[in-house]
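In what follows, subunit A forms one complex with subunit B and a second complex with subunit C.
Let's turn to the complex of A and B:
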């Protein structure tokens, strides 16, 4: 899963953004782009020390100033829904289906898919986490 | 194991990240991209101090921008479980100076 797909899925959700200068911005994500530039609404900005606050109706943050984003836990499940939807496409319709016999490719592909399957079931329970590790 | 040059091999495993501002964040790697932006699920920060044991702050679901990442390492779960973090004392890391 790509970080920017998760971010895109988080549209409409509340999030916390910390910038490289230590300021944090709490607000609802309106939109974002492939540079991680983000548009927030109903924002509370907090200074680096956490002692000063500003409210603003909206703000636009340049992606390269961001240190990290904290998004609600449930957003990651919604990305999977989107992915499943595209997976439901009938087999053989997409490009790149017919080349499966290649050398290095098969095993890699298979292990990737196994991991994905485990993740879907295990998110709430936790056991999926241990499942991937060979002991 | 961190087998190849990429992070594919540690997706869905627990990793430990050191950020440029000297924080240590542990969580499950859910995804990454060309710029080493990463998705960390069920993440928590480990705060080191010389006065008291390691504090663990729950962070949840995080997207960390690649610019801010110094080191990503696979976490040895068995070794980690054998640590008593409450007894560990260490200096906090200083931020990276560019």
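Let's turn to the complex of A and C:
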């Protein structure tokens, strides 16, 4: 279970986000990305000391300011359903590597195959078996 | 378009609207969003900074400081929200959360 998989699964669910500065944001997760930048809707902001409150229709929070997030318990069950899918193609890592290696071929081949080849090479560590081109 | 795909929130809908921006370090600024890029650098017009209590930098006061036209550096931007619809409210939780 990857933290970001859980977060992605939690899209549409209510959650609490505490920032490093101690402010908390309660709202429904609309979207998130691999940097943990998040977009919340129907947000209630609570000050650090917990005695002032603001309502805002939506907000964007930069991932690197987040201390932690609280997600509803039921989300963890849904993330298990997605597990098989994510096993085949782990999010983030494969795609990131793919951009470098997969150049020059057909448009469909480039991103997908390049990504997988790159990952394999990294795991085995052997230059001879690298297979970075995804052939 | 593809360069801006990476943001989870499309700031295009906030252009020429009032936005409130919180910056790392605690400054809070609001202004009219005139432009932005994929790094979340923002151009704000008629920007106003909400000054903070000298004794307690966590609390914003009613005092403001006019900044005019500014560029907010993306790396310093913590939070962006529309000014419209944002208001201070009474405690909406029966029991304060996060206890």
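By our rule, the second predicted complex is superposed on the first by the 83 of 135 C-alpha atoms of A that agree within 3 Å, B and C clash if a C-alpha of one lies under 4 Å from a C-alpha of the other, contacts with A are read in each partner's own complex, and residues count from 1 in each chain.
FYI, contacts are C-beta pairs under 8 Å (C-beta built on N, C-alpha and C of every residue); 3 or more make two chains touch, one makes a residue touch a chain.
Note that the coordinates shown come from a computational prediction; the quantities given were computed from them, not determined experimentally.
Of the two partner chains, subunit C is the only one that A:61 touches; subunit B does not reach it. Using the contact criterion defined above for the overlaid structures, shared-chain residue A:73 touches subunit B, although it does not reach subunit C. Of the two partner chains, subunit C is the only one touched by A:24; subunit B is not. By the touch criterion defined above, A:2 reaches subunit B but does not reach subunit C.
With both structures placed on the common chain, the touch criterion links A:11 to neither subunit B nor subunit C. The part of subunit A that touches subunit B in the complex is made up of residues 1-7, 20, 36, 63-64, 66-73, 75-76, 108, 112, 115, 118-119, 128-130, 132-133. Of all residues in subunit C, only 6-9, 11, 20, 24, 26, 40, 58-59, 77-82, 84-92, 96-99 touch subunit A in the complex they form.
Listing the residues of subunit A that touch subunit C in their complex gives 16, 18-19, 21-22, 24, 26, 30-33, 37-39, 43-44, 46-62, 65.
Interface residues of subunit B, counted against subunit A in their complex, comprise 8, 11-14, 19, 21, 28, 30-33, 37-39, 41, 59-65, 67-68, 77.
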